[in-house]
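Sharing a structure, written as structure tokens. Questions coming.
Going in written order, the chains are labelled A, B and C, and every chain counts its residues from 1.
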Amino acid sequence: MTDAATNMRLKLPIVCFILQIILIILFGVLVQYDHDTDAKLWHKGNHSSDYENDFYYRYPSFQDVHVMIFIGFGFLMTFLQRYGFSSVGFNFLIAAFSLQWATLMQGFVHGLHGGKIHIGVENMINADFCTGSVLISFGAVLGKTSPVQLLVMAIFEVTLFAVNEFVLLSVLGAKDAGGSMTIHTFGAYFGLMVTRVLYRPNLNKSKHRNGSVYHSDLFAMIGTIYLWMFWPSFNSAITAHGDDQHRTAMNTYYSLAACTLSTYGMSALTAHDGKLDMVHIQNAALAGGVAAGTAGEMMLTPYGSMIVGFLAGIISVLGFKYLSPILEKKLKIQDTCGVHNLHGMPGVLGAIVGAITAAVATADVYGGGMKDVFPDVASGEIGASFQGAMQAASLAVTLGMALLGGLIVGFILKLPVFGAPSDSICYEDNIYWEVPGEEGHEDQLTAVHTEEAEKLN
Amino acid sequence: MTDAATNMRLKLPIVCFILQIILIILFGVLVQYDHDTDAKLWHKGNHSSDYENDFYYRYPSFQDVHVMIFIGFGFLMTFLQRYGFSSVGFNFLIAAFSLQWATLMQGFVHGLHGGKIHIGVENMINADFCTGSVLISFGAVLGKTSPVQLLVMAIFEVTLFAVNEFVLLSVLGAKDAGGSMTIHTFGAYFGLMVTRVLYRPNLNKSKHRNGSVYHSDLFAMIGTIYLWMFWPSFNSAITAHGDDQHRTAMNTYYSLAACTLSTYGMSALTAHDGKLDMVHIQNAALAGGVAAGTAGEMMLTPYGSMIVGFLAGIISVLGFKYLSPILEKKLKIQDTCGVHNLHGMPGVLGAIVGAITAAVATADVYGGGMKDVFPDVASGEIGASFQGAMQAASLAVTLGMALLGGLIVGFILKLPVFGAPSDSICYEDNIYWEVPGEEGHEDQLTAVHTEEAEKLN
Amino acid sequence: MTDAATNMRLKLPIVCFILQIILIILFGVLVQYDHDTDAKLWHKGNHSSDYENDFYYRYPSFQDVHVMIFIGFGFLMTFLQRYGFSSVGFNFLIAAFSLQWATLMQGFVHGLHGGKIHIGVENMINADFCTGSVLISFGAVLGKTSPVQLLVMAIFEVTLFAVNEFVLLSVLGAKDAGGSMTIHTFGAYFGLMVTRVLYRPNLNKSKHRNGSVYHSDLFAMIGTIYLWMFWPSFNSAITAHGDDQHRTAMNTYYSLAACTLSTYGMSALTAHDGKLDMVHIQNAALAGGVAAGTAGEMMLTPYGSMIVGFLAGIISVLGFKYLSPILEKKLKIQDTCGVHNLHGMPGVLGAIVGAITAAVATADVYGGGMKDVFPDVASGEIGASFQGAMQAASLAVTLGMALLGGLIVGFILKLPVFGAPSDSICYEDNIYWEVPGEEGHEDQLTAVHTEEAEKLN
């Protein structure tokens, strides 16, 4: 009745328990409350008010980001007709693992304090950000991987994410508050390379399940709309306090609005009979948030943000319509959610916009705020054009790291021990979940699924 | 297979691109960061702390309002069985346009600074508020209009909204923080007049689709509950800092709770066999938020708020049960979502409550807080009763503007170029969207829809 | 066509109107704005900034809690195939009543100010907390009770909740910010005793509806994920400002993440063929939030929080798998949602963890922050071990109160006047709601339901 190869009875528990116990031990040895979360440290010395605690500056943004990670990504992927449990459920699992692992990995590379990692709300946001990157990669392999494969992918991807982030922000001195490069470009190209390595020549055996039904598209819209609404919080969550957070949120707001109009326009223009395509609306309308990820905190101006969003929407729809089929046929990249169109190209666009915006920054425009946005430029250490060059170099580093990392991890995931589904049962919840029937025709459907499953044995 | 008249292949892209390009140009010429979002301005001079940035006072409220606009309104309208894509999708499109256009229109009428519109988080909230008004009107014409018609409606409605809001708040000196008048009354009566002008005598040809199914009602409840939960944030989003925001949120909280009980009571009392009617629960339970929109920031007292909510729920259910059928038969007003019952009558109730509460305001009750709530009364310029009279005058102005505006815009929308659906294919996603089938019977359903569509050609 | 016994035409309106009118009268007589919400009081004297208003410290947390109460609990219970309207709808009704009634009951026991209850945002949070407890009990009796029964249950449960909370926090001096005891343990055991008293020997007649379908499980996941995401806000909502709120949120974040991994591991280990069981994921993954409810604000350390969450997930899955069937067969406890596994046992675990963590508290660890977490210990009035003992005593008191209260209220609810459904029509929306058909087979389904209903008459 169930395929032995995909049976998770021992594999998943072993992986979950071992990982969690390692996490607990490492947290026990290495992690401490930071100044703002520790009872003794916070009450030591004289701070004028509890309000200065970073909690009040960051926690509302954190919660919005948290919703994007768990509801946004989770439900966006429920568009598949028979993969809703896995989309939300595996998203939930790998995110819960990744945020813990990311706390450690980011803590390591960003510097220990007396051998300890000090954590507070900003670490929680950064951990969620890193998790977002893993979930983007998940979108590329959606429907074709077991939960154990996904956890293994997360172990490596989180680690590499932390290294890449460290190189960009600390070595190259790049700015990337909303993660056009660190999160979106990295996550997309990593995932695309993994799915390339995991290429399935006979995936068309599962083709009839690789599509949406009416209600699954509505569930997916929950994910889309939450991502869209809270993207201003995402891009501004870890920028400097004050005008920086404020400006970043506003730039992203207008970028997304403009992107939505160009997405609708392009969808009607390119789709069949002038009808709108849900795939475009669910995905391309979000590209404006991705593309404002690097420059959002800069003095991009509202109309500059709108231009960026406008272009992102166009590029993204064109990608879904024309590029994805080519990638699949010519390059053998089976990108289930089209992450190349939502995160890949718009992420690269965002990186380029960031490099240009940084290169043209002047003291006349930024005034005293320069020290928040470009501290190295403000201190006179480097010029704006050098900052721009470092931004561009960061994009190149990110692409290299993502592709190389994805290549290696892809081959690791090919090991036959992780319980991947066979080509004919991809995009199917029934492999990893107890699935109830449909109302009104439960028996009938259950029968069908049982029959299908039995045929596989 | 598709009706040429409703084909959006050229119409929608042209409208989307032209509008967005105009918006970008106007933003480029006219819009600048305000003091709290500009890097240079914020860091000029001496402010004591980044915390004084308006971002921290307003942004959490903004995000709640944002959720109401995109999830709340969008999903509330998914109750129709075959119009979920359009409900969420067109809501998304016209909101994304309206918030940009509203930024400009509200900026114009509320005063330029050296020829420029200065924007920050409060402008984002006000833009979302104006958008809410357009979405209320959308509810009245839901299922009977093309996306191009909706965008054209939004162009005019946003403009008139800004004018009406300016007359109320700046000329008449009225208070209306939660928009009982500016948002709800205006949006409802504007939309009702539009749908009156667009009257379709043969709409019963689409009657079989003008209703809910089990799951569509559950999706709609997502919208209802989000609107209900975040209404305290909506009403308090732009009130004065401190006690005003606090009090407004609390008044709205209790008003909504009381409204919910009277809605359930009235629904069981009036509906068939004592069974609850989802239409009432989805809509009337929200009337308490609408009705607390004007007086919510005043010293309405908690029990006063509860009385207002209690009455609003009763009026709203009675409207759905008895008034809506009359409006349709006698006045030829086909109000798909019943916005007259949720926004129209409760909005008028809220305006009246606001006028009375203002008229009885005394220094004894408001103390030093009078200057925040009624600045003109606090300065001695006018008396409380005059304030009350101005509130009442504001209601009259709003009704006049809305009805006149709706009349003119209704006739504009009648122009045959906008791609409205014919009477027999209203409330149908298939006209404007690529619609997938239903799980388990895809082929069958697709066949039916194809057949239907073919019959129309 | 409809069973006279379950007809709500008069019962529900009478109860709703009488309760709401009593609430309005009592609010009118007893309730006033507090210092932070009253226009006069807030502007009296000199406070340095509007930012010190408690609104800005608490309101974002309140809104997260509010989402948990209305979306979280409401949608979590939509897993039943034919009870979605009732799950969300009755949740909505009894929550709207309970939060008003709780404001009064909590105001009474926590002390009047000159004969008046003074309210602000903290009261709103506490009212929502008390409501949460009622909704937990609702989970135990889900599908087997009329809305009138639920309102009657809420009247008594809210009252007893307030008394128990007063005894714990004010008499025994216990700490329980996230309510492991006051909310979860109390709500669970109260509800379990009620459902025991309401035992239905012939409930298997409704067995075919006591389960999920594919889409109902996805709706339920909306509830699960929202509860999971916002639990850090729940546990930290009423802790002291500054490091306390910050630390509590972070502890809960890591507890939940660890709980999720152990839940997935245990689910695959115990469920059929190694497949994951949605019931476990929807519920047990939340146990980490419950179990961190008492100790979350203490210096539990991140890895301590993770251990707690890890154990909670294991216990909860084991409860669903092995204990629930025994409770039903041997103890005749029909616990629809398995609240014993999600709230009962994890609540007790949380109470024990809290007692131990309190007992080992030292000035060395807490420093100046001791006065926020354990004021009586900080003042030297009691020792830490005595605090621990009081925590343990609080658990015993809570269990006693809940079981005794549930016993009495259960017998009250057995009175035949409240319109409970008969054994063969449990878990069925059609009894209390006008239910539309399903798309594509409306007539067929309606026919079936009519037939069923007619057979009952």
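Please note the rule applied: a residue touches a chain if its C-beta (ideal position, glycine included) is under 8 Å from a C-beta of that chain, and two chains touch if they have at least 3 such contacts.
Everything numeric in this text was worked out from a predicted model, so none of it was measured.
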Type of subunit B:subunit C copy interface by residue overlap (half), same or different: different
Rotation angle (°) superposing Cα atoms of subunit A on subunit B, nearest 5: 120
Centre-of-Cα separation between subunit C and subunit B, whole angstrom: 32
Multi-partner residues of subunit B (at least 2 other chains): 51, 56, 60, 215, 222, 438-439
Sites on subunit B touched by subunit C in the complex: 51-52, 56-57, 60, 64, 81-82, 211-218, 221-222, 225-226, 228-230, 232-233, 241-247, 249-250, 253-254, 256-258, 260-262, 264-266, 268-269, 271-278, 281, 285, 299, 301-303, 306-307, 310, 365-370, 372-373, 438-439, 441, 444-445
Subunit B-facing residues of subunit C, complex: 1-2, 7-17, 19-20, 23-25, 27-28, 31-33, 36-44, 49-51, 53-56, 59-60, 63, 66-67, 70-71, 74-75, 78, 84-85, 88-89, 92-93, 96-97, 99-100, 119-121, 124, 147, 214-215, 219, 222, 432-440, 442
